[in-house]
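As written, the chain order gives the labels A, B, C and D, with residue 1 at the start of each chain.
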Amino acid sequence: METVPAYTATKPQLLARLKRIEGQTRGVQKMVEDDRYCIDVLTQISAIQAALDKVALGLLDEHVKHCVVEGHGPGTTDELTDEMMSAIGRLITR
Amino acid sequence: METVPAYTATKPQLLARLKRIEGQTRGVQKMVEDDRYCIDVLTQISAIQAALDKVALGLLDEHVKHCVVEGHGPGTTDELTDEMMSAIGRLITR
Amino acid sequence: METVPAYTATKPQLLARLKRIEGQTRGVQKMVEDDRYCIDVLTQISAIQAALDKVALGLLDEHVKHCVVEGHGPGTTDELTDEMMSAIGRLITR
Amino acid sequence: METVPAYTATKPQLLARLKRIEGQTRGVQKMVEDDRYCIDVLTQISAIQAALDKVALGLLDEHVKHCVVEGHGPGTTDELTDEMMSAIGRLITR
């Protein structure tokens, strides 16, 4: 039975990054409320996207190392790999 | 002098979408706190990215129509177009 | 009646870049024929994607300047903008 | 010593797809030579990008299954995973 996720060791850093991303989304709302110039709003949205990319790549890395390679994930290696490839596909093509 | 941004007419909807995205980022933090499976966390991150893409495309659309075409932006048409192309470049290549 | 496309002035450079991209796709085939390491093949594919991004951004830039802003495109400004936004959406979300 | 790449079993299909992509890049050159409308050229470029994404995801899938999981790659599992994550990062952020 598997209850510990692959990101356990880095959970505090992961939560800190997600908290910062939440703050960035509030920042964009503030910009819109203040009628800031559209291009500046777009720049901030790109910054959030880049921060989410980094979080996603970090999670994927831990998933490969802990679940796929070490076999700690919920399923056979083939199932875990297929699942991971779908996740990568969604990140690449959205 | 131009003080009204291109998204003025749709500002309430834009703020509602950004509020929803903020909620999604809180949802991802909750998933991590609850030790949810990494692939499920990644799926939610992709959903946030897709929602941000939609907001960005909406803003770009209004920018083209109001600032670039109608000439209401802060600069010459060439400056506005260059600025917009940089924003599109950042969205595509991040 | 409009028959000259927005990229007329830069057509030779555009064709040269596309020719180079065609060469890159042949290079990837050669790598696969030679049983080269998968990660090296992937690196080359990313290089082609980046080259295609640059061509696409160049075309968009000329489209905005010549068709949308100067009104030389086949349609009203609103139609041209909608069409362009769809193209940008396809580039961002593929 | 490892000389067989992860894609050996699907090499003919992989080459066929790359050949088709090469043909698509020639098709785009023909469109530009024929002065076709910029948005139509962009649509074709997006189609090539999507085709390259599919090839890349297929290669990654085989890489994970044959190199990372089965340990047939040139390096330790950690090195293979790091290398793969860099490749995924390049595909996502280009």
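The rule we apply is simple: a contact is a pair of C-beta atoms (placed from the backbone, for glycine too) under 8 Å apart; a residue touches a chain by one contact, two chains touch by 3 or more.
Fair warning: this is a prediction, and the values are worked out from it, not measured in the lab.
Angle of the rotation mapping subunit B onto its copy subunit C, from a C-alpha fit, rounded to a multiple of 5 degrees, please.
Superposing the C-alpha atoms of subunit B on subunit C needs a rotation of 180 degrees.
Are the two sides of the subunit A and subunit D contact the same residues or different ones, given that same means over half of the numbers occur on both copies?
Since more than half of the residue numbers are used by both chains, the interface counts as same.
Could you put a whole-Å number on the gap between the CA centroids of subunit A and subunit D?
The separation of the two C-alpha centroids amounts to 23 Å.
Quick one: report the Å distance separating subunit C from subunit D, using the average Cα coordinate of each chain.
Distance between chain centres, rounded to whole Å: 17 Å.
Out of subunit D, which residues touch more than one other chain, so two or more?
50, 53, 56, 60, 84, 91-94
Which stretch or stretches of subunit C touch subunit D in the complex?
3-8, 11, 14-15, 18-19, 21-22, 25-26, 28-29, 32-33, 35-39, 41-43, 45-46, 48-50, 52-53, 55-56, 59-60, 62-63, 67, 74, 83-84, 87, 90-91, 94
Report the residues of subunit A in contact with subunit D in the complex, numbered from low to high.
It comes out as residues 50, 53, 56-57, 60-61, 64-65, 68-69, 77-78, 81-82, 84-85, 88-89, 91-93.
So in the complex, the part of subunit B that touches subunit D is made up of which residues?
Where subunit B meets subunit D, its residues are 92-94.
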